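Dumping the structure here so I can ask a few things about it.
All chains are identified by letter, namely A, B, C and D, in their written order; residue positions are counted from 1 within each chain.
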Amino acid sequence: MNALPAYDPEQFSACAAAIADAAREFAAMGWTPATSSNFSMRMDDGDYVAITVSGRDKGRLGSDDIMVVDLHDHPVATERRPSAETALHTQIYRRFPDTRAVLHTHSRTQSVASRLFGREGRVRLQGWELQKAISGHTTHESTLDIPVFPNTQHMPELTARIDAWLDTGRPLHAYLIDGHGLYTWGRSMDEARRHLEALEFLLGCELDLRRLSS
Amino acid sequence: MNALPAYDPEQFSACAAAIADAAREFAAMGWTPATSSNFSMRMDDGDYVAITVSGRDKGRLGSDDIMVVDLHDHPVATERRPSAETALHTQIYRRFPDTRAVLHTHSRTQSVASRLFGREGRVRLQGWELQKAISGHTTHESTLDIPVFPNTQHMPELTARIDAWLDTGRPLHAYLIDGHGLYTWGRSMDEARRHLEALEFLLGCELDLRRLSS
Amino acid sequence: MNALPAYDPEQFSACAAAIADAAREFAAMGWTPATSSNFSMRMDDGDYVAITVSGRDKGRLGSDDIMVVDLHDHPVATERRPSAETALHTQIYRRFPDTRAVLHTHSRTQSVASRLFGREGRVRLQGWELQKAISGHTTHESTLDIPVFPNTQHMPELTARIDAWLDTGRPLHAYLIDGHGLYTWGRSMDEARRHLEALEFLLGCELDLRRLSS
Amino acid sequence: MNALPAYDPEQFSACAAAIADAAREFAAMGWTPATSSNFSMRMDDGDYVAITVSGRDKGRLGSDDIMVVDLHDHPVATERRPSAETALHTQIYRRFPDTRAVLHTHSRTQSVASRLFGREGRVRLQGWELQKAISGHTTHESTLDIPVFPNTQHMPELTARIDAWLDTGRPLHAYLIDGHGLYTWGRSMDEARRHLEALEFLLGCELDLRRLSS
């Protein structure tokens, strides 16, 4: 199976470097505790995705910690098996052709918010200027709903729920999984990172406000 | 329109460097999430202001991320359009001739405090020694009021409210915008930074005390 | 007593370096305030343990700050007396032959959680994806109990309580001591660190959730 | 008045370096916001104290930011006037001959705790293992009282209150000033720093526990 890679190695290197840089900064923020979290980028030529191998320290990723899969989760030019969560990344790439980067983090704020709002099935964000950091939102007066899906170790169940939400036509730039963490994405690594930073901030503000208003 | 700049390029470089240094430190504190926030300095020779171009990562500003406007928000020697928030900076420079630096940040503490105290229209600070870090305050026994203005995407509405507050003759070194963040300023970058650090600290103390006293 | 060391000095150096690296990172997180906390590793050849000398700044450990004891707390090839807490480390090495690293930290989250849950005698963790970072846990649906033992300055009393818990056959990867801190361990330094990071995270989530749910 | 200094310049340099190192680390923790806080060390030869000049950024102290006073607050070999808070430092050096370092910080935790416990006049710490980091405390079962004195801009009033407390013979390693911050000290810079770290930690734990127990 050691055939020549079907992807451009320079492109892989560029994606791997961008993923490692982002991961190192997220790790420094404490958003990837205990080897959790997964990051990916769609590569330019064809339907391939560079994605982190699970279980690695996200503060110290090398290109060895990143592998390539196709849009149906099959490993490309490697013997490694991708992690179960890969299916959540490729689902987004399949449904949103212009998505180039998917980020899954696991901060304390995200985990706590997912538990607190899990029963309601969504976090509703309103009145925050920083909602404008989410593409398509041009005013703090709009409503930004982040769905919270129940956690499960059975990926097909989770992807089915996400598909069902998307099939209703509601906009989606991010979702939470209950007790677990956040998925967000963008048309570039920069946009995905801006979404992640903004959502981490907004969820933290919501939790603070709730603590203070009770 | 590529005429010679009407300002001294060395002065611009000095202001741009001071802004980039300050911005990098604020970014490291988490006060400029998701490319938010704007910083400016009045230049020595005439009525020009060096100000950050909006939408840039505040942790990595280069001189390319800073432009020049006059006191009426017109870009100087550049094709770039200034951000809408520029009007809030120039308003302060027009009204306070000795102001040299205006800082607009977006910390979680500032955002949450602005929502919590938005209904009352101001945060009242009393009994904190650090109030003395705000110029003109020489004792913790004085009262320091920070007004909170309603947020709007329509700048003239916001500047009119700020003008109305200033016209009452009440002192002003800083204000909050509801759900948005803080504006503060000083007669030098150092003084503006001292005001920002002190207000971030004092707002955080007020939130903590409220959490503990309820 | 200056006989030749009964252990391989290279092995000692490797353990000391791994301990110092880990300790420096924990110190930077604020988990080892005021020279508290102790870290150890079992050495390869025989029943020896490299352990931190108490009272040192954990952010700046040198090999001079680490000594060797046997599994019954006797110092090996040194005049130094080990700290009282050494007994808690060797107890784990005696009972779990495959344990290679024991970490005792003292974070604010751990200390507060130990006080809050001390009366119930345990912290019960349920529904968090990150429980899977604890070896042997493969789903967020399992229950992870961390016992909280009463604090005492009398070590035999504490080790007896821990032995009694272990004798019941309940699984144990970590415990808290009331008002004091956390002990956790693993079959390698990496596993022990993953356990520590995960438990610090999970205890923080539990405290946050409790603050928000009251 | 440019007479030769009455103190050993090498000693001054050593003290100034130790103060600058400590201050830089405290600043990085956020314990010295907006140029607040003051640090001092008693010099070896005679009754002189090296102390920070007020109003400087504590993250970037040079030897120029540190001056010398005698035990009655008179500046030595300098035209500079010491800050009003110098009197609180020299009071401790006069009353405790073996004290070598006094640290005054201004963290959010210290400020909030001082307000919350100001009415009771003291913070009572009990049941925390880290109380043992305060010299003279050998068990978590002892009680550690930190007095909180009312804030005033009139130093003689404050020193009189502190003298009155000390005259009752109660032990004292630290005190808070309401709305202001913490003073603590030690027989060496290391001991003073250990006290500061421990007290910052313990006050934070107390606040957390109160938030969670209400």
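Simple rule for what comes next: contacts are C-beta pairs under 8 Å (C-beta built on N, C-alpha and C of every residue); 3 or more make two chains touch, one makes a residue touch a chain.
Everything numeric in this text was worked out from a predicted model, so none of it was measured.
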| item | value |
| --- | --- |
| Contacts common to chain A and chain D (chain labels) | B, C |
| Furthest chain, CA centroid comparison against chain B | C |
| Copies chain C and chain A - interface residue numbers shared by over half, same or different | different |
| Turning angle required so that chain B lies on chain D, C-alpha fit (0 to 180°, nearest 5) | 90 |
| Interchain centroid distance [CA atoms averaged], chain C/chain D, Å | 33 |
| Rounded Å distance, chain B centre to chain C centre (Cα mean) | 47 |
| Chain A: positions in contact with at least two other chains | 211, 214 |
| Chain-level touch network, classified as line, ring, star, complete or other | ring |
| Every chain pair in contact, whichever chains are involved | A-B, A-C, B-D, C-D |
| Residue ranges of chain D in contact with chain C within the complex | 127-130, 133, 138-141, 194-195, 197-198, 200-201, 204-205, 208-209, 211-214 |
| Residues of chain B touching chain A in the complex | 33-36, 106, 108, 111-112, 115-116, 151, 153, 177-181, 207, 210-211, 214 |
